[in-house]
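Each of the next two complexes has subunit A plus one more chain, namely subunit B in the first and subunit C in the second.
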Partner chain A sequence: MKDFSVINKRLPRVDAWSKVTGEARYAADLSMPNMLYAVLFQSPLAHAKILNIDTSAAKKIVGVKDIVTYKEAGTIRYGVSPARYDETMFCYDKVRYVGDEIAAVAAIDFETAMEAASLIKVDYEELPFYLNVFDAIKEGAVPIHDDYPNNIGAEVHQEFGNVEDAFKECDYIRTDRFVNKKQDGGFLEPQACLAYYDMNGNLTLYTSTQTPHYVQRTVSMVLNIPIGKVRVVKPYVGGGFGPKASANTIELAASLLSMRTGRPVKMVMNREQVFMHSRGRHQFYHELTTGVKKDGTIHALKNTCYLDGGAYSSFGIATVYYAGSLLGAPYRLPNMKYDGYRVYTNKPACGAQRGHGGVAARAAWEQQLDIIAGELGIDPIEFRLKNVREKGEVTCNDFNLSSFGMKECLEAIRDRSDWKNKKGKLPKGKGIGVACGFFVSGAGYPIYRSETFHSTAMIKLSEDGGTVELYTAAAEIGQGSDTVLTMMAAEALGVRYEDVKIYSGDTDFGVDLGAYSSRQTLMSGHAVKQAAEDVKRQVLEVLSKRLNIPVEDMDIKDGYIVFKKGPVDFSGIRSYYIKEHRGWAEQPSDDRLTFKEAARIAYIERGTIVSTGAYKPGELGGKYKGATVGTSPAYGCSAQIVEVTVDMETGKVTVDKMTDAHDCGFAINRTNVEGQMQGSLSMGLGEALFEEVKFDEKGRVANPTFGEYRIPTALDMPNVNTIIIESDEPNGPFGAKEVGEGAIMPTIPAILNAIYDAVGVRIDELPVTSERLYNAIKEKERKK
Partner chain B sequence: MKRLINLIVNNKAYEIAVAPNRTLTQILREDLNLLGTKEGCGIGDCGACTVILNGRPVNSCLVLAVQANGCNIQTIEGVADGNNLHPIQEAFVEYGAIQCGFCTPGMVLSAKSLLEKNPKPTEMEIREAISGNLCRCTGYQKIVEAIQAASKKMKKK
Partner chain C sequence: MLLLPRFDYEEPKDLSEACKILAGLKGNGKIIAGGTDLLVNMKKGLVSPSCLVSIGRIPGLSEIEPQNSSIFIGSNLIVAKLTEFALIRKRYPMLYEAASVLGSPLIRNRATIGGNIVTARPAADLPPPLIAMGAKIKLKNKRGEREIELEKFFKGPGETIIKQDEILTGIILDEPPMFSGGSYIKLGHRKALEIAIVAVASFITLDKPDGIIVDAKVILSSVAPKAIHAVSAEKTLIGEKPTNKLIEKAANLASGDCTPIDDIRGSAEYRCAMVEVLTKRTLTAALKQAKKSR
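Let's look at the complex of A and B:
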């Protein structure tokens, strides 16, 4: 085991102190002198032509400073993937869901803006609207977007191996269907932003986002401002989980209103607007046919999926690929066919959410594999162990598993949960279940086609030599990227954790694609490590000259210079430093040469010491269509055992215990890794048992509150036995790879499999509410 | 028509003219610039705006400012003693109970209110006490562990 000073430890987060005292500032906490408040005017209808927009009455309200519609905003299309730019800042021809944005009003205060917005009059011609996938694709349905007459916005057809031939070689084949429900991100901080376009033509946008870089590009494109004049700054962000990973209307509208009024403009979504903006988890309808050999070898998988996309594409083109590409990967599956269809409906757009595209598929298949193992009389863990891939293998769709501790994960949870004495042996109403998970560690390609680096970093040493200033555009959204990047910088440079000051989340600091696809530890980490190593080299070069010792005979560790070949007389440097810096605090006095002294001397010799780092993955993956989605420099994997109690009288499920092992390659901060695992499991538990965004018959979100849309509370989540598996990823900085999203993957199917173990019924529709499970138990009893 | 109210917030007396429809959250954030109190939903579902009002944790978004007239209020800004963190805050930092931090102020105040009444709570009592404070990031485990650790630490003092 390598000897590390900073990483692989349990250090407190760099932002913990400001967050625990209430000092941390989020977008809604910001204000500026002379600031205006703006609000949106949104569609009350799910699908309608816009005949006329009348803002005249609203404009007459005293205190209103500006009202913008498509007439002022223009109709430049944007979105996430350039291949599916299907949004405009404001609707112009028609509205496509309840909540679609039509206008924004800026006024001297929030109340005035609200009053004015209530006076905007729009004439509509109502159109038929579609609240589910199958209505939207029916013959004769009205297209929601003219470019997609059958309402299928994206489709994927992939086959690896030959599934039909492979089924002929199978001893056992079964088909199952599965459906989840639209899940909301459920982050605590509603989106908010503050835009200021100054007299020099510079736009600064402070916003609650996961992706400052993509927001910068979108704002620049839609408002036609040179990209160098747009600065996006991310203050602290109160969670994102995917839905904050692209530009939203308030960011664009506040920027436009500021350009027009010359004043700072603030916009904040309320919770209902967060639900309407959505961009959360799609609803997936999966049909899976799996063929195995009688010894339990998984041989073929046919996966068909319809995604309920909502009114716009958002991340959906990636989602529809992910719902197929990630599924087979943890197992030695030679034949895989996937047909995916993402369908437009008149509901809020779905996008990326933790475990992007793969969560429902994983739930469906891991439950099916459990059924198959049962039919073959093989223990579900043994069944998985027989089929899991190992380090160095390449999947049938060309994912290179450069590290892969799946076997270790499964063995760890088995051994730590007393599986052998529990599986099938618990009393009625109690059950235990297992499942595996798999996820990318950073998307292999940016969302737009480009040779751009995915992450850059810059380090500047303070001129006194005492502080390492790390600049990165990476997005700390709560997941802990500021902390792990600080730790990696300290480790790579050889200084203490507290010697590094991080500045992040600002597009002026460089390019970083942001916090999505579980990419920051690996990608931003590489850039930071590279910059830190370069600073180290620069300091040692100067020292080498002064002391006449080769660079390779020196190192820096824990804030001190290490002389590898025995003691060195550095008294000349020491007395020079003390003489030159009389009156400075913390004069060096111990018998080791400090980094601070060396860094100061480097500055005196060379001027300000600055270094940069930049990372992009090499060419990855296969050559087939869609091969870019799912390829990653590394893959995380996990396994989980869940124990439940089912109340036979009510169908209520209580999750008693969760044992989770995750292969994160190498834990930079062990506490943070556990935190990601526990948080993922909590979100998975919510989706499994109660989360569902519901709609009324008009297409309005029926439960846009945390009272009606229930996310897990402290009373719903059990303690988790978290086991960190470290497989030392060769493509990751210090061997690290993802944990933020992959950890959610096994939770839902492990719960479903535990429910089956408890009561003998299979549930193929989420969430597993008391009613659904109670009815299933009664149905089973009736059939007896 | 504004009304004059008197509040004691973090041991400091304030006299404020407030419109009758203003919530305590709004007054704390906008009039007193105490921005550590967060608004996550505005209708009492999430607990991010929790403050301690006359010794009890309340959702400040559900309290009209005029209702708080004459009350003693503690917000997150009043929990630490200068640069010395409260033992609950220390434990939150040490145990990794914080991720995005948006629920943290409310969570700390609910925990503080619990430990003041019940210095040695069971795990279930802790979970009940924070069940009105939603957290999407942590899965609650490290928050519960932090409150348990703070309870032990405070007992020793």
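Let's look at the complex of A and C:
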């Protein structure tokens, strides 16, 4: 392993002080002089035609400055994927779920805006509404979108190899069904934004988003403003997990209201609105048929999935692909067939959420593989080890596994959890379970068709040479991208961590597709590394001329110039620097030439030293339809062992211990990698045991609070034994790849497999509430 | 964003001033202690008092006061304190158990014992053990003070017999009898921030360590509009020598003593089954304690 100064260490986050002291400002904390407050008016019905919208009474309220509906906003369609632009800023012909946005009111304060909004009158003609997939696709169901008469918004049919023939070659085949529940992102910071359209026609939008770039493009398109006149700025963000990865109505409405009033406009969602806006995890109905040889070789998989998409597409077209394609690894699976259907229903739209599209599929399959291993009498870890792919292999759906520490992950958790002495040997009510995971390290293509770079970066040196300013549009949303990008810049340039000042999350700083699909460490990291290396080259070039030493005989490390061929007389530069900075703080005094002095010389010679970096993935595999979803420059993998206690009389599950290994290629910040693993596990634990967005009979969210929508508390999370596996990814900067989403993959099935080990029942529906497990245990006792 | 409506705020220095202010508000005032329930409900628009009267500065209301053969717990005492005093933990372990599972550590640092009683939520954690131990409460208005059994305080969800000018000033708990023991178990999904699916508090008294049960209280929570007695379970226990079989019989009867509903937290059927499990567990724990107590 190379000798690194900054990366691969446990450095504190760059935003640690700011966050723990409360100095950090989030979108809802922002204000501007003369600012207006705006609120939404949303549909109380799940499906209805809009006959008339009357805002006259609302307009009469003193303090109301503007009210906008589709009449003012227009009906330009937008969404996530251009192939499925099915949203408008406000509803005009009909409403499609409880919460669909109809109008926005701007007033001098929130109270006035809310009072006015309550006076908006809408006449509706109610339509039949569908709260589940199977009702929505029934013959004769009313289309939710006219373009999709059978309510199937997207379908996928893929086959790699020949599944029917392959099943004939199998010794053991079984079919299982699995269903999860709609999961909410559960981020602590509700969406909020502040828009200001200035006198020069420039719009600045401060917003809690994962993807400033996509928001910029959507705002530009829907409001018809040139992209260059729209600046999207992401303040500190309190979590996103997927639902904040596209433009939302408040961003568009606040921008429109600011353009019309000439005043800054602020909008903040409440928690109920967050649940209604949703864009979280879909509900997936999977049916999996897997065929194996009697020696345990996995031979074929047939996967059928129906996704409950909600009222709009959002990221759904990608989700329906991922629900199939992500099962292509980590095992050697030569034959795979997938039929996926994403169905419109009259519920909040679902979208991308941590482990996009693959979490339910993974849970279903890893549980089924556990059953199969049991039927064949093979230890579940041995079974997996027998089938896992290795570095350099290509999956049946053309994923190139350029690095792949799957085997190492499995072996690490097996050894660290004392699996051999526990599996099958624990007392009744105690159980241990294992599962593997797999995920992309960045989407190979932007969400819109384009040759664009996925990430750019710019570095500028301060004139005294002491500070490296890094500009990136990458989105720090709590996951730590500012920290790892800062570390990579410092390492690549050869300066100290504290010498780099990062400016991020602003579309004026460049292009970055944002924080989704676990892409920033790899992609933004490449751009940053490239920019840093270019600055280094520029500084060394100037120095080379000054000192008459070839560039290749010098290097920069830890903030000092390294002369590879022995000591060099740099006293001329030293006295020059001191003369120029007489009376300033921190004059160089030690016996080595500092980067600061060299950078000052470079500035004097060339003016401001600036460099840029840009990254887009090279040629990726797959020529079949849908190959753009799932192909990635690199793939992460993980394995996990969970130990549980089940209260046999109540059905209550307690997760006692989790041992998790993740191959992140190379850990830029080891603490951050572990943080992502722990966060993923907590989210997986919540989905496995507690979380479910429930609806009442009218389609309203029945539990839109963190009291009744249960994300795990700190007390519900056991200590996690985290193991970092480093496989040195050739396509990643310094060998790094993802950890942010892939780590969630094994959690749910490992819990399910542990529950089976404890009580001998298989649960095929999430969440495993105590009641669900109690009923399953009773059912099993009855059958005895 | 949910906004708190406008209201006036009073901070009386003593009880008589507080009673006077409350009487003057004629039903438009509300006592505020921890505010963990009240402020949320005000934001939701469920209640809209014109004035909040704080009891935070009234001396004596935030303390535990041991008396001759009982203790007085001020209504403004935060729940976290109930888990900290050795006296509570030692003499009233059931109350300690209930206090330590109420809300979350954050909520317990604000919410008060009085608030958990007057809000009269069907799943409130403190009333079941307090009722099981025969707690009395003190209600005061400007004309005087009355003392009633806690169990007679509740009428239904959110409804009690408190008059609009009365303040709950404290709880009186007698010293538990010799050879008695109690236990409270709450079944929720998570380890904190849970409204019980079912909770049971059991309290039994023996005539001697190996004697018969002379008194038994089995209080079921979250299975009715208010905490209720498992009447037939209690009857079965009293006068008998405690055995596992007797406990099982009582537990089984307890599940017939309630008629829970299906709701977002659990089905009626599951709740009934859990009443049986928790009754058995709480009685077993209570018995163990009773045999050891003095």
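We adopt the following convention: the second predicted complex is superposed on the first by the 784 of 784 C-alpha atoms of A that agree within 3 Å, B and C clash if a C-alpha of one lies under 4 Å from a C-alpha of the other, contacts with A are read in each partner's own complex, and residues count from 1 in each chain.
In the analysis below, a contact is a pair of C-beta atoms (placed from the backbone, for glycine too) under 8 Å apart; a residue touches a chain by one contact, two chains touch by 3 or more.
Remember, predicted model here, so these are calculated numbers, not experimental data.
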item: Subunit B versus subunit C as contact partner of A:713, first or second or both or neither; value: both
item: Partner chain in contact with A:238 - subunit B first, subunit C second, else both or neither; value: first
item: Contacts of A:25 with subunit B and subunit C, given as first, second, both or neither; value: first
item: First (subunit B), second (subunit C), both or neither touched by A:298; value: neither
item: Which superposed partner A:774 touches (first subunit B, second subunit C, both, neither); value: second
item: Touch count on subunit A, higher of subunit B and subunit C; value: B
item: First (subunit B), second (subunit C), both or neither touched by A:649; value: second
item: Touched partner set for A:682, first subunit B, second subunit C, both or neither; value: first
item: Touching partner for A:694 - first (subunit B), second (subunit C), both, neither; value: second
item: Which superposed partner A:187 touches (first subunit B, second subunit C, both, neither); value: first
item: Shared subunit A surface residues [contacts with subunit B and with subunit C]; value: 28, 270, 706-707, 712-713, 715
item: Subunit A partner contacts - residues on subunit C that touch it in the complex; value: 1-3, 104, 187, 189-193, 195, 197, 264-267, 270, 273-274, 277
item: List of subunit B residues in touch with subunit A within their complex; value: 29, 34-46, 48, 75-77, 79-80, 85, 89, 92-96, 98-105, 108, 126-128, 130-144
item: Sites on subunit A touched by subunit B in the complex; value: 10, 12-13, 15-26, 28-29, 185-190, 236-239, 241, 270-271, 477-480, 671-672, 674-675, 678-683, 705-707, 711-715, 717, 719-720
item: Subunit A residues within the subunit C interface of the complex; value: 28, 110-111, 114, 268-270, 649-650, 652, 689-690, 694, 702-703, 706-708, 710, 712-713, 715-716, 769-771, 774-775
